[in-house]
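For reference, chains read A, B, C, D, E, F, G and H in written order, and residue numbers begin at 1 within each chain.
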Amino acid sequence: MNEKDLRTLFDKVAGGEVSVQNAVEQMKLMPFEDLGFARIDHHRELRRGFPEVIFCEGKKPDQIVAIARGIIESGANLLATRCSSEQFESISPSLPDAKYHDDANLFIVEQTPVEIKGEVAIVSGGTSDRPVCEEAALSAQFCGCGVKRYYDVGVAGIHRLISSWEEIRKADVIIVVAGMEGALAGVVAGMTSAPVIAVPTSIGYGVSFGGFSALLTMLNSCAGGVTVVNIDNGYGAAFSAALICRKIYNREVKD
Amino acid sequence: MNEKDLRTLFDKVAGGEVSVQNAVEQMKLMPFEDLGFARIDHHRELRRGFPEVIFCEGKKPDQIVAIARGIIESGANLLATRCSSEQFESISPSLPDAKYHDDANLFIVEQTPVEIKGEVAIVSGGTSDRPVCEEAALSAQFCGCGVKRYYDVGVAGIHRLISSWEEIRKADVIIVVAGMEGALAGVVAGMTSAPVIAVPTSIGYGVSFGGFSALLTMLNSCAGGVTVVNIDNGYGAAFSAALICRKIYNREVKD
Amino acid sequence: MNEKDLRTLFDKVAGGEVSVQNAVEQMKLMPFEDLGFARIDHHRELRRGFPEVIFCEGKKPDQIVAIARGIIESGANLLATRCSSEQFESISPSLPDAKYHDDANLFIVEQTPVEIKGEVAIVSGGTSDRPVCEEAALSAQFCGCGVKRYYDVGVAGIHRLISSWEEIRKADVIIVVAGMEGALAGVVAGMTSAPVIAVPTSIGYGVSFGGFSALLTMLNSCAGGVTVVNIDNGYGAAFSAALICRKIYNREVKD
Amino acid sequence: MNEKDLRTLFDKVAGGEVSVQNAVEQMKLMPFEDLGFARIDHHRELRRGFPEVIFCEGKKPDQIVAIARGIIESGANLLATRCSSEQFESISPSLPDAKYHDDANLFIVEQTPVEIKGEVAIVSGGTSDRPVCEEAALSAQFCGCGVKRYYDVGVAGIHRLISSWEEIRKADVIIVVAGMEGALAGVVAGMTSAPVIAVPTSIGYGVSFGGFSALLTMLNSCAGGVTVVNIDNGYGAAFSAALICRKIYNREVKD
Amino acid sequence: MNEKDLRTLFDKVAGGEVSVQNAVEQMKLMPFEDLGFARIDHHRELRRGFPEVIFCEGKKPDQIVAIARGIIESGANLLATRCSSEQFESISPSLPDAKYHDDANLFIVEQTPVEIKGEVAIVSGGTSDRPVCEEAALSAQFCGCGVKRYYDVGVAGIHRLISSWEEIRKADVIIVVAGMEGALAGVVAGMTSAPVIAVPTSIGYGVSFGGFSALLTMLNSCAGGVTVVNIDNGYGAAFSAALICRKIYNREVKD
Amino acid sequence: MNEKDLRTLFDKVAGGEVSVQNAVEQMKLMPFEDLGFARIDHHRELRRGFPEVIFCEGKKPDQIVAIARGIIESGANLLATRCSSEQFESISPSLPDAKYHDDANLFIVEQTPVEIKGEVAIVSGGTSDRPVCEEAALSAQFCGCGVKRYYDVGVAGIHRLISSWEEIRKADVIIVVAGMEGALAGVVAGMTSAPVIAVPTSIGYGVSFGGFSALLTMLNSCAGGVTVVNIDNGYGAAFSAALICRKIYNREVKD
Amino acid sequence: MNEKDLRTLFDKVAGGEVSVQNAVEQMKLMPFEDLGFARIDHHRELRRGFPEVIFCEGKKPDQIVAIARGIIESGANLLATRCSSEQFESISPSLPDAKYHDDANLFIVEQTPVEIKGEVAIVSGGTSDRPVCEEAALSAQFCGCGVKRYYDVGVAGIHRLISSWEEIRKADVIIVVAGMEGALAGVVAGMTSAPVIAVPTSIGYGVSFGGFSALLTMLNSCAGGVTVVNIDNGYGAAFSAALICRKIYNREVKD
Amino acid sequence: MNEKDLRTLFDKVAGGEVSVQNAVEQMKLMPFEDLGFARIDHHRELRRGFPEVIFCEGKKPDQIVAIARGIIESGANLLATRCSSEQFESISPSLPDAKYHDDANLFIVEQTPVEIKGEVAIVSGGTSDRPVCEEAALSAQFCGCGVKRYYDVGVAGIHRLISSWEEIRKADVIIVVAGMEGALAGVVAGMTSAPVIAVPTSIGYGVSFGGFSALLTMLNSCAGGVTVVNIDNGYGAAFSAALICRKIYNREVKD
């Protein structure tokens, strides 16, 4: 129930079409989100622009298919992350329009072309971080961001990073993906004026502790302007980057 | 040495004013940042808009005074965070223009008025988080952001948060400050389309582990759009928020 | 040996039917619980109302069958938790009356109908927490509690929780099941006057640390009235809830 | 705005006293909790029976006095926990009716006598746990529970516990307070049919890790019926115990 | 109530001196340990040989004095560990017979000379471990063990250990006290046929983690025959060593 | 080179059979253990009584067979722990005399009958701890100790422990095996005068942390007389117990 | 672009062959490492002596083959570590010159004979550490170091270590490989004047925590001269050792 | 007893001055290091070049004075680390020749001038790491190394590091000191062919965990050639660096 519905109800009460008793009952029985939470509805309205997402890890193929079909039938685009190739093989026949991206462990159903605005740079240190990078890259595109990839520019050979710098610093948001020592995020942030979102990866062994060491490094970054998401959470970084891009390109200026 | 300097040097070589040998020597002897790293210089140029910052914790009063004077003499505004009232008492006579903010443990020397653009909402759960909130708020203002405060709207009484929601969701960036369980960040992110920067605080006891529990909660947030900074790092969140605001209000549109 | 048995023994000694020497020997040789620990016996008497439970994880099929048969032969109802479908397949032929609940990983042999009193609400944030929820739900029913399920009402979309609130708050005890950030328990507790028992689940990745993060969140809950059990311990929560319900509905009033 | 208010508004709209436009505006402008969230209001109504509580740790004396006066003026009883004797000395002149309990680090202002119903047993292992025990005991009384203390009955001398057992098991709820190894909670739960709330304490040294070891022990308890609160959280345990007692003694029977 | 008492009671019942009703009441009202728990009594009898011990840390001087006086009046010897020199200064006037050992942070009141049997070797790596060593040494003597000290024979200079080996290996039990890396316990155990009790100490910095690293080293010892106690728990090691010595020198041979 | 060899060398030098220069060279070139480290040799002599042990985990079948044959050929008895049934199947044909104990994951080759002296009680809380218990029990027997088993007497039903107490306390050493909360060790130690060696097991889930929680509980034991070994290290506990038994039954009395 | 190139460019500008505008553009467009970063190039020059290395863990066979071929075609020697026998089986047909070392999980393609200088001692405590030892040994040889192996000389039998000491101490660098308690590194360092590089291994169980306990031991080493690498990082230790050997044998003396 | 003493003994035996029996007794009674452990003595001989060191933390002034005087009287130079200015004030009158270095918390007594050979670069990221840097620098000089300091060249402004690179890479060994994120070590190692010893510092807050985060970063370094010492262990790094320098400059070439 939005403001218009509310107004209609009042109109009917005023016009005698609906009794007071009946109006109160309608108010009481309506599901919560229809009770006039314009703010929440409006917020959902804003979010609707981002297509729906399924996190496949730990879900059975038929569960994924069922959720996916619901989203597809609503006409929305669909992104499904953390989907292994084994999972997708079972799913594929039921979702013929789904396009699987092997190097990102995700599939996409694009029913409406996505309008691209803004630019997100994906910067990573090692080739092993590629699946997380690609999850971030494809998720950002899915949310309407342009994406440029700068892979394998880790701190162990800092000159590679520096030689791409002119390009990287043009991005609206920079997503830095790094495992092992995770030092890349701080180095990048020290060189740029763009917000940096850091994604620690579970790549490493011994005291990398499945990405925890890289996470700590990123949170401790001496350089300002670094914020961090959960280990391997490429999608999460892309989603936050997309929220920022949307603010940049859709804003109604207030100044 | 920027492009213009480089051009001048080439002009002089072309004009015979400087010998080739001499030009090469000039190139070799120049400090690195003068060697033509336009990218880095340019980046510093961009960053220069943000006033300099001193992290006072663990520094002796005379060290702080020395660094502060250097910055002040350069004409820049100055922000000094994590400065206890004891520290400031010793510093104060030497820095007569410094304004101390008791509830944020920081002082500011504002030599040039800061132009305010954009709006950062500071949302916090408990009154004990106030020093971190105020560090974030005053730092954001120092970096040129408008700030609105929504304190004491924690999840233990979720209706307080909801009643302020219409206001909060207008912000360009939302900084959520929370200790103890740290659940507020995820709840806020679930209701908004603005990027959320979460600051865990060290408020709590027992298994709050000095803010580590709140940090984990925030990194594990089910709702997308949450990125996280180090425990109690109000300044860091504000700096990232300011980078985003700058992108929003200063961008040269690319679409 | 209860008080009556003791009295009988004394009677026989007084009546000369049993010699002093023989009585002392009887006292010494009796198993401990027969030595007059009426309190423990009585306590067992009280507990007897709850059917026996087998924790199957790590047990071999024949071990489970052997224990199960012992319980069944005693006439009691039987609950067996943490039983994988593989385990149950091996067990099933030997326990023809066992009913397996696939979504809760448990089986039940109900020889005597359970009388239902009171109401336990099971509230959960995500669909992945379902097995723990169902373990809690079926265990609570097994212990004689009415159960109502409120699944998928997590804090990432707080309005879903609020819209069910009128219903949830009628419960005698609320069990909140949540993984990832685990924030739901505190939010629920902030809205209710019923005791809340929180069950962290191992759902999540990265710094969810197998449920440890959710556990910490719940223990740090700002809202009073939350107590916590081990990760994934749906049965434990249900058992505690059932103890509370029993106190509510069976109490001999003392006021 | 409750149902009655809503009905009145509709009546006025129906009667033409309030225009539809005006009614809609009233709905929109009203603070959230007045928008008809009867559930939340009602819930607050239910909770009102419990007096207000201040957590003093980390608060300055004048902050405590200000909050305390607000509560006292509202006519409510007041409990202030984690108040050191140093803090209370500063506070005392401003709060002449406050009664300090030295062994529980809390003070109480009782303006209305508390009606006592039900019985909470406080069981503890060592004399060093006394402050947490007393915080639990006085908090439970403050919330209207009768309290019986069974201190120094730890597992290192299990016979002491057994000899008090007949008494302990009569309680409606048992709060077990233990540091070091924390084993007492499981032993007590194994002997009783009352719900057990376990409070780990920070008493210990070495690998007691400030109570973390005791917390783990309690969460791992083999005996069912144990739920756990944060380290040293005597008040939290008492509050949960009081919620249970209230359910027992105030319930409107549903069977 | 021991077997004799029980027999007497039965005799009186048999003789009619005590009615059955009265006998049952006597049984019920008697404190637990009088109910015939000969095993527990007997066990206490056995333990009585070891003098009583007070753990002073966290206790107030008057509490220590009160407990100490109770023990002294019972005629027993008294050991009070973890007593700082500040604490002892306050205590000293009230306990004129207490002898303080500055280097072990403990005091002793010896009312009955202790008979010494067996030999405990205290082996330690560094001079900083001395307080824990001396707590172990004096506690072992207090429990009736002969003690020989081998300090400063750490693995960083393994030849020092080897040169004392002929002596060390004569001990009945070896207590190894070590901080930092804690390697000494395994080295000693590899050279001996005596049981080794390892005490990690909190000496160290950085990743010694307050003794946790040494504890892990000792638990991971490749050499068999090492058992471990809590960090800095010199008394605990001595108590276990004394139990072993008692078994060796007091045993009634069964072979 | 033992004392006799040394004496012979001196004799030859004295008799002129060996020149001084030659004797010095002999001393210098001899391998270390032949240089007269009677203490080490003697220690090995003492240890020889305990048969050799192979830790099979992570070893390939042919490696195990090779080591085992070496030991068997030396005439010693052989114990091989942590040997899975899969491993033993591969090994079995090559070691026809090896007797596998399925419930302890170990095999034994007994070439010389072991003389049994003393008594070790193995006390455990849950049936799942059985493999660790049996490893301890069979290892203790292998080292010449008599063994009595008291399984399933955990603290969740403390009366079961108490009813076996009279028996348990007769042991020379008590090994307590417990997972989950690990509280049993402290309870047992509080009731006995025998040294208690505690073995935490990896049984449990959630915050049992693979036995770490039980380990902490045991190290924090309030009751004196508990020493601890690594998680699941049944053999280690047995070996230490055997060292103690040997001291008890083989000692040359010094008093 | 090196100094010569730069000089040439200046010459052309001076000679009018290249216009100033054109020269500036050339400077701007050149890749970073061509801009005259002699220091970085020189550094790469220095490092070129060490053959290239592939870390195979987590890489697919075709990825490994592709990278390997690139290196081989460049004429360099190739070391590929952490390559399982399964991986190598798939790789082998495509890399016919690769020699697999089963006990080190690595393969090598040696196209140019390596010149050996210096001596690295590999000292280890247990046979289970062998794969890490061999990774270190073969990597060190691959980098041009002579290698001597001293395996199975752990602290549990310290005399074995001592008897090899005369030999070990001749090495230029000593790599100590140890799991479990990790004490060996400190013992070795206490006996030598060579730098010791310690490699903790993941060998162990229970509180070895996958090598973390050994790592802590090594970092806490009382004996000076120990530095540490990541768990199981045999290659890393060898690489550092080779850097030291190169410094020793290739240095241009400065004194 | 060195080789000469041994020879003398044999001479006397050969000459009949000492009986065989007597010679054997002499051998048995001699302290271990006199038994002819030329290897150990020789090793000590080698180490003697490095002056003695006292770790003052936790030592009382008179203990420090006593140890220091012993060393001074032996004629050696003395280094005493971790000595607070308060400690030194008490010590100073008794050690008039001690020179305190305020910014390194250490004092030195130099009785013999140290000969300087080789060059150690100390590279650090932040000004707060200065005390650890200076401990490393002065310790390295004390051990005979030349030292060059490169402070405040952290990764947050990577160009500062690069501009000093030409200088840094000339060092024989590079010690990198860094707190917070600790990324500097890997960046430096990626640019050099010198061995890098990394010292994490306890500088930081929140999840820097007292230097643990920096330690993990350094151990996880992607760039080869980094070895690590304990947190804040500047002396340890310097000692290892000095061992390497000694190998470089004192070696008797083997090639």
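Everything below uses one rule, namely that a residue touches a chain if its C-beta (ideal position, glycine included) is under 8 Å from a C-beta of that chain, and two chains touch if they have at least 3 such contacts.
As the structure is a computational prediction, the values presented were derived from the model and not from experiment.
Engineer: Tell me which of F-H, B-C or A-C has the interface of E-H again, with more than half the contact pairs shared?
Structural biologist: Among F-H, B-C or A-C, the interface that shares over half of its contact pairs with E-H is A-C.
Engineer: Measuring between Cα centroids, which chain is at the maximum distance from subunit C?
Structural biologist: If we average the C-alpha coordinates per chain, H ends up farthest from subunit C.
Engineer: Superimpose the Cα atoms of subunit A on the matching ones in subunit G and note the rotation angle, 0 to 180, in steps of 5 degrees.
Structural biologist: 90
Engineer: Centroid from C-alpha atoms only, then distance subunit A to subunit F, rounded to Å. What do you get?
Structural biologist: 56
Engineer: Taking each chain's centre as the mean of its CA atoms, how far is subunit B from subunit G in angstrom?
Structural biologist: A distance of 40 Å separates the two centres.
Engineer: Please report how many Å separate the Cα centroid of subunit A from that of subunit B, as a whole number.
Structural biologist: The separation of the two C-alpha centroids amounts to 24 Å.
Engineer: Of all residues in subunit E, which are in touch with two or more distinct other chains?
Structural biologist: Touching at least two other chains: 40, 162, 191, 206-208, 212, 215, 219-220, 230.
Engineer: Throw together a list of every chain pair that touches.
Structural biologist: The list of touching pairs comes to A-B, A-C, A-D, A-G, A-H, B-C, B-D, B-G, B-H, C-D, C-E, C-F, D-E, D-F, E-F, E-G, E-H, F-G, F-H, G-H.
Engineer: Okay, in this complex, where on subunit D does subunit B touch?
Structural biologist: For subunit D paired with subunit B, touching residues are 31-33, 37, 40, 57-59, 63, 200, 202, 210-212, 215, 230-233.
Engineer: Can you list the residues on subunit A that touch subunit D in the complex?
Structural biologist: Against subunit D, subunit A makes touches at 3, 6-7, 10-11, 13-14, 16, 19-20, 23-24, 27-28, 35-36, 38.
Engineer: Touching subunit G in the complex: which residues of subunit A?
Structural biologist: 127-128, 159, 162-163, 165, 203, 205-208
Engineer: In their complex, what parts of subunit C are in touch with subunit B?
Structural biologist: Touch list, subunit C to subunit B: 125-126, 154-158, 162, 180-183, 186-187, 189-191, 204, 206-209, 212-214, 216-223.
Engineer: Okay, in this complex, where on subunit G does subunit H touch?
Structural biologist: Residue list for subunit G touching subunit H: 38-40, 42-43, 46-47, 53, 117-119, 165-166, 169, 172-173, 191-195, 197, 215, 219-220, 224-230, 235-237, 239-240, 243-244, 246-249, 251, 253-255.
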